[in-house]
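Here is the structure we will look at, set down as C-alpha cells.
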C-alpha cells in the first residue's frame, strides 16, 4: 500500500515537470519547474533529509527557477510563445521516453533493490552532514568552491555586453 | 690430367681472345677505322692459331683439361677441355670464322656500323669457342646464350628495317600471317625460338645437376651414381631429351626450325658464320658432346634418347629439303639446306647411339658437320658476292651471271656439288655416304624408313642445289639485272678479299673430297681412340662387308642414285632449261603441293597463331577485362565505398542538437542492451 | 519524523526514473533552449532524489552530502547555460536550438 | 586528513589561486597601453609551468605512491594521477602559450586564462580522485569553464552554437553520472571507490542489473567526453566551432580527463561484475574508431577533420580499456596513447590556430600551398597527422603498437581480442587516407595567393616543442612507455594472461 | 653494445644529413647537392663495405646491438642474407644520386610554374635561367635529395633490422619519403597515385604488423633471436594466421599477383631515378621480409606452405609478363616487368630448396641492377625525346648508341641471359625448384617448374619487343635530332651494367655468403633440400681410371643390348 502523500507528491512532481516542458508559455514552464522542484523537496522531507530539502528549495526554487524566469524575461516574447516542434521528433521522443522508462524501471524492479522494508535503517543525523563535509570531503568542498567561482567568472564573461570590445573575433 | 691455367693457356686463349678482341674493338674504333677492321680479323686469326696449336695433341689422341675455381658457393669450377672432338671442332670453327672475317672486310666495306659488326662477330666466335672448349654444361650454356645473343644482334644488324634488308616475298601471306620479315623482327624471332630450346636445355641441365651436383663432363663420367639414381626415377632419358631440346632450338630442328629462314635478314657473312661454323653447329656439337656420355650409360636404357635424336633429324632433313625446292631467294635456299643437312647430322649422331657401332655413326655425323661447314660457308659467301653485285635476294632477279662472275661461279659450283653429294670427289658425298652406311648398318629396327627418308632428301638436295646454281648463273639476264645495268651499275666480279676466302673453302672441300675415304678413315680412327679412351666405347665387328673404298654397297648405290636423279632433274629444268618449271603452276595437284611447300608447310602460320597471336589475344582479354577493370577498379571501388559510407555518417550528423540527443538517449538503451546480452 | 514506513525504496527510484525519462523526452523534443535547460534540471533533480533515497536506504550520510554538491553544481550549470543562451539570443534574436545548425555533416 | 603537501592539493592551490587572481587583477587594472592578453598568458603559463614542475619533481623524487586504485581519502597522490597530470598540464601549457598569439586582441583575456586554469585543475583532479563525489566535482570543475570557453567568441555564432551543443550534452551527461554514482552508492553505501569495490565483491547477485545499469550510465556519461559512439554526435560540431585553442583543449585535454575518470571508475566494474561488459566496450571501441575515421574522410574543414580523428583515436584508446582485465599491457598502452594523443592533437589544433591567426581560415581549401606560406606550421601539422596515423617512428606509432599488441596478446583469453587489433590496424590504415589528403593540400597544391605569411612566434615555439616531443619519443619511446606502465593501477592480478614480453 | 659502429653510422648518416642536403641544395645549387648526396651515400656504402669484407672473410654475421626499449634491442645485423640486399640498396642509391642530377633538373624545370613543356628537350640545366627560376630549381633539388637520402636510409635499415618492430619501423620509414618523392616529382596524376601508393602499401604494412606483433607476443620477445628460439611456442592455429598476415602484408610490397594494384601506377609515374629505386630496391624488400621473418624465424612452418608460394609466384610471373606485353608506355612495361620479376623471387622462395632460395636472393640483386638500368634507360629516353610512348619512338639505337648498348645489358640481365648476373640468379633459382620437384617426384611441382621456366620466354619477349620498339626500326621524323644522353646518365647506367656483368661472371661475391647462410638456416630441416653435392673433382690419376673401368663394362653391356 502506497502512502497517499507519496502519490500526491509524485503526481505533482512528474505532472509539473511535464507541464514545465509542454506548456505553450515559457514563463509557466519556469514556474512548473519550480513546482516540480518543490515536489522533489517534498520527497526529501519524506526521506528524512530536511537539510537537503531546504537546500533544494533555496537553491533550486530560490535561485535556479528565478534565474530561469529572469532569462525568460530577457528574451523577447515572440520567442517565448511559439512552440515549435516536429511531429516526427515528438513521437520519437515519446517512444524513447517510454523505452527509457520501461528499460530503466524494469531493471530496477527486477533487481535486489526492490525489496520490502527497505527503509529499516535509522535516519541519519543532520549534524553528520557538516562533519562529513569538513573532514572527509574537505578537498571536495574546496574544489566545489572553485567550481562556483569558475561558474561565476564564466557566467560573467558570457553575460558581459560586447560593446566595449571592438575587435572582430572570428571571421568565418 | 687437370692442368693449371697457365699450362693450358693456349686452350683458354681460344675463347678468351675473341672476347678480348670484342671488348677492345670499340676502343680502337675511336682511333682508327681501318686499324679496327684489321685488328678484329687479327683476333680471329690469333684465336685460330691458338686452336691450331692443339692439333698435335688431337692427333696424338691426348686431351688437355684445365680448371680454375669459379663459383665456390656451389663448388663449381670453370674449365676447358680440349679432347680430340673439341680440338677438331675448335679448329674448324676458328678457321672458317677467320675466313669469314676476312671476307667481311670486303663484304661489309663502308658500312657505318662496322664497329658493332666486328664486336658481335668476335663475340659470336668467342661464344662458339666457349661452347666447344668448355668442360662443363654451365659454361657451355654461357656460350650457348652468347651465340644466341650475337645472332640476335647480327640478324637484326640492319636495325633500321629498310625494305631491302627484308627476307621473304613482300605481300605474301600464308594463313593470314605475313611471310616477309624485317631484320629486327627476325632477330627477335630467332632469339625467342632458340630461347625455347635453351629453356629445355636448362631444364635438362638442372635435372642432372640436381642429382649429380656438377656440370662437368669429366665429373659426370667419373661417378655415374647420379645416372643410376635418375634412371631409377625414370628421369635420365627425359633429362637427355631436354638437353637435346637445346640443340633442337639452336640447330633449327623441327619443330623449332622456323627462325633459321628469317635469320637471312642479316649480312650474308653473318649467315655464313651462323650456318657454317657457329650457332647451328652448336646444337650438333652438343649432341656430339653428350652423346658418348649417354651411350656409355646405355645400360640404363638411354636408347630412347638416341631414337628421338635420329627421328628429329630425319624429319627436319625431309621437311626443310622439301621447302628448299620452291624458295625463290638464294639465301633462303641455302638456309633450308642447312637445316636439312643438320638433320642429317642429327640422324647420324642419333643412329649411332642405337647401333652396334657407335663410332661409325658418330664419325659420319661429325664428318658431315665438317664438310658441311666448309661447303656451306663457301656457298654463303658466294651467294653474298652475288647479292653484293646484283642488289637483290631473289634468284629470279639473277640469271646468266656465269660470264660476269666467273670465279664466284666456279667456286660456288664446286661447293654446290659438294652439297649435292657429287660422287667421289666431293666431301659432301663421302660424309653423306657414311651417314647412309651408318643408318643401314645400325641394326635399328626402324632403320629402313630412316634410310629411305635420307635418300629422298639426298635426291631433293641435289635437285635444289642445281636449281639454285641454274637460276643464278645460267640462262639469260633477268629484267632486274638489265635494269641495274641500265641504271649504270656494272655487274662485275667481286674483289679478291671476298672471293679468296670462299675459294679456299671450295677448294678445301674438293681436296677433302678427293681424299675422302682416307680422311674418313683417319677421322674414324681418331674417334675410335677417343671414344675408347674417354668413354670406354669400343667398336664391335662390322656387321656388313665393306667393298670398294670401304663403302657400304647399298649406301653407295643410294648416294650415286640420289645424286644422279636429283642432279638430272635440276639440270633439265634449270641449267639446260629444257622444261619450264612454270608447268607446275598449271596442274592443280602440283600447284597445291607447291603452295604447301612455298608456305613452309604452314608451320610459320601455326607458330604465329599459336605462339603469338593467340596468346596475345588472351593477354589482351585479360588486360581489358581483368587488369583494367577489376584490378584497376579496386581502388576506385574502395574509394567509392568509403565515400558512400562517409556520406552516410555525414548525413547522420544533421547539425540539429535534438537529433544528437536522441541518438545519445538511444545510445544509453543500446549500451544497456549490450550489457545485458 | 512523519515519514511513512510503507514507502519503499523502489517507489522513489521509479519516480526518479520517470523524471529522467521525462527530462530526456524534453531534451529530444523541445527546440527552445530554455526548455532544454529545464529538462536538464529535471534530470538532475531525479538523480538527486535517487541519492537521497539511497542515503535513507543505506543509512549513510554520504548520499545527502553528495546531493548537496549535486544541487550546487546544477545551479552553477544553469548559470552558465543561461549565459550561453543569452549570448545566443543576442546573436540570433532566437533561442530555437534546432536552428543552430550551421555546423553539420 | 588531507596532506597539504600532496601533489593534487599543491596543484589545486597554485592554479586555483592564480586562476582566481587573474580576474581580480583584471578588475583592478583599467589602464590602457599594456597588452593584457600577453600579461595574463604569461602569468597563466607560469602557474601551469610551476604546477607541472611540482608534479614532475614529485614523480622524480619518488614522493608519489605507485599506482593506487583504492584509497581512504578522496584524493590520492599516485603515479596514475601524476601521469595524467603531466599529460593534461602539458596540453594546458601548450594552449596557454599559443594563446599568447591566438587570443591577441580578443575579448576578455582575464576570464579566458582564468577559466583555462580552473579547467586544468578539474582535469588534473579527476585523475587523482578516488572518491566518486570528488570525481564528479572535479568533472564539473573541468566541464563548466570549458562550456564558457567554447562559446567564448561571443560575436561568432559558430562558437556559440558549439558551446550550446556542448553544454546540452555536458549537462545531461553529468546528470547521468550523478544518477550512476547514486546507483553505485545505493548498492554499496559508500562513494569511496575503494570501499565500494570492497563492498561489491560480496554483493548479492540480485544487484547485478543495477550494477549493469550503473556501468551503462557511466559509459554514457564519460563516453560523452571521450567521444564514444554513439555519444559522439556533439563532438565534431563543438570542436570545430570552438576557438581553435579551446578545441585543442577539449580534444586533447578534457577528452583525456574523461578517460582518466573512466579508468578510475572502471575498476568498479572489474570487481563488481563479471567481465561481460568488456565486450560492450570492445564493440563500442570498434564502432568509435570506424565511424570516426569514416566521418573524417569527406570533411572540408581542418578542425572538423581533427575532431573526427579524435573520435577515432578514442576508439583506439578504448581498446586498452576494454582489454584491461585480460592483458596488463592494454592499460599501459591506453595511457601511452593518451599522452601521445594529447600532444599530437594539441599540435594539430595549435597549427589550426596558427593558420587562423595568419590566414583567418579553417577550410581545407585555404590550406593549399601552406607549406610555402607557413612552412613550420605545415611541417608540424604533417608530422602530427602522420603520428596520428601511426606512422613510425613517431610516437603515435608506438602507443598504437602497444595497444594492438595487447589486443593480440589477449587472444588466448578472449577470442575477440585479436579482432580489435585487426579493426584498429585497418582503421589506422584507412585514416591515412584523410591525413595524407591534408598533407597533399598543404604540400602539393597551390592556392591563389602564395605569399609568405608570418608565423606567430609563440605558436611556432609550441609547435617546435610538439615536434620534438613527437619525434623524440618516437625514436626513443622507452621512458614514456615505462612511465605509462608504472602508472597503471595494479590490475594484473585480475588478468589471467601471462606477462607479455613488454613486461612491467 | 657493439664494439664498432659501422652499420649504425651507415644507416643514420644519410638521415642526419638529409636536412643538410636541403640547405646545401638551396644555397649552393644542383651540382653541389648532387655531389654532396653522392658523397654521403658513398661514405655510407664504404662504411657498409668494411663489415661486408669481414663477412667475405668467413665471418657468419656482423651484429651491432643497442639497448632500446621494451620491444627489445635495436640491432643492425649484416649476414649472408642481408648483405646482398643492403649492398644493392646502397649501391643503387649512391649511383642513382648522380643520375638524378640531369633528370631532376629537367623534371623540375618542366614543372616550374610558367615553364612550357619540352622547352629544352634533353639538356636540362644548360639554358640560362632567371634568378627566380634558379632558386626554384635549387630549392627543389635540395628537397629532392633530402627526401632521397631519407628514403635510402629507410630501405637500408629495413634489411639490417634485428627486431620485428625495428623492421616495421624502417619498413614504414621508407614509405613516407617515397610518397613525397612520387607526389612532388611524379608524372600524370601524381598526387592521386602517390596517395594510392602510400595507402595500399601502408595497408599491407599494417597487416604485416599484426603478424609481427602476434609472433612477438607468443614468442615472448621481439628480437629475431628470441622469436627464432621460441618459435615452437606459437600455437599451430595462430601460426597459420601469422603466416597469412606475413605473406599478405609483404605481398602487397612485393606487388604479387592480385595485390599489385598500386605498382603499375606508382612505378610508371614516379620520377625515373625514384622508379629505379622503388622498383628494384624497395619492392624486393618484401622478399627479404619473407625470407627473414618467415623462412628464418618460423622455419618449421615453411614446408607446409611453400607450394602455395610457389604457385603464387608462378601466377605473378606469367601475369606480370603478359600485362607488360600490353603496354605502350616504357615505364609501364617496366613496372609490370617488376611484378613479373617479383614472381620469380616468390617462385624461388617457394622452392623448398636451399638452391632455390639462394637464387631468389640473387634475383633481388640482379633485378636491382637490371631494372635500374632499364628504368634509367627510360629516363634517358624521356630526357632526350620528351616522350615515353613506344609508338612514338623507334630507331634510336643510332642516335643514342651508349644508352642502347647499356640498356641491352640491362635487358639481358632481366631476361636472365649469361654473362649477366640475371642468369646466375635464375639458374640457381630454377634449379632449386626442379630439384624439389625431382626429389619429391611431384608432377605438380614439375609442371610448375615447366611453366615457370617457360615464363622466361615471356620475359624475353616483352623485353625484346620493348627494346625493338624503342631502339630499332625506322626513326620517326621528329626524332631525327635526338642526341645521346649526358655522361651523368650514361656513365651511371654503365656502372650498373658493369656490375651486372661482373656478378654474372663472378657470382661468388654474393652467392657464397647467401648460400652458406641459407644452408645454415635450414640445417636442421631435411625437408628443405640442400645444395646438391658433386662427387667432387675427380683426381685424374685414380678417378678417371675408375671411370674408365666402369665405362668399359657399361659400354660392353650396351653393346650386348641390341
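Every chain is named by a letter (A, B, C, D and E) in the order it is written, and numbering of its residues begins at 1.
By definition in this document, a contact is a pair of C-beta atoms (placed from the backbone, for glycine too) under 8 Å apart; a residue touches a chain by one contact, two chains touch by 3 or more.
Remember, it's a predicted structure, so these values are computed and weren't measured experimentally.
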Least step count from chain A to chain E, where 1 means the two chains touch: 2
Third chains touching both chain C and chain B: A, D
Chain closest to the middle, measuring from C-alpha centroids that were averaged per chain: E
Result of counting contacting C-beta pairs for A-C and C-D, higher pair: A-C
Chain separated most widely from chain B, comparing mean CA positions: A
Centre-to-centre distance between chain E and chain D (centres being mean Cα positions), rounded to whole Å: 44
Distance from the mean Cα position of chain E to that of chain B, given in whole angstrom: 35
Centre distance in Å when chain A and chain B are each reduced to the mean of their C-alpha atoms: 101
Averaged-CA centre spacing for the pair chain D and chain A, given as whole angstrom: 29
Residue numbers of chain B (touch at least two other chains): 650, 653, 655, 657-659, 661-662, 665-666, 668, 672
Contacts with 2+ other chains: residues of chain E: none
Chain C, residues touching no fewer than two other chains: 9, 20, 23-24, 27-31, 36-37, 48, 53, 55, 57-60, 62, 65, 69, 73-74, 76-77, 80, 83-85, 87, 90, 97-98, 100-105
Listing of all chain pairs that touch each other, if any do: A-B, A-C, A-D, B-C, B-D, B-E, C-D, D-E
Contacting residues of chain A [partner chain D, same complex]: 104, 107-108, 110-113, 135-140, 142-144, 146-147, 149-151, 153-158, 160, 162, 165, 167-172
Interface residues, chain E side, partner chain B - complex: 196, 200, 258, 260-262, 319, 322-323, 325-326, 355, 358, 395, 397-398, 412, 417-419, 423-424, 427-428, 430-431, 434-435, 438-439, 441, 449-450, 453-454, 456-457, 460-461, 464-465, 468, 471-475, 506-508, 511-512, 514-516, 531-538, 540, 543-544, 546-559, 561-562
Chain D contact footprint on chain C (complex, rising order): 9, 16, 20, 23-24, 27, 33, 36-37, 40, 43-44, 46-48, 50-51, 53-55, 57-60, 62-63, 65-66, 69-70, 73-74, 76-77, 80-81, 83-85, 87-88, 90-92, 97, 100-105
Residues of chain D touching chain B in the complex: 164-165, 168-169, 172, 176, 209, 212-213, 215-217, 219-220, 224, 229-231, 233-234, 236-237, 276-277, 279-280, 283-284, 291, 294-299, 430, 433
Residues on chain D engaged by chain E in the complex (per definition of touch): 386, 390-393, 397, 401, 404-405, 408-409, 411-412, 418, 421-422, 425-426, 428-429, 432-433, 436-437, 440, 443-446, 476-478, 481-482, 485, 500-503
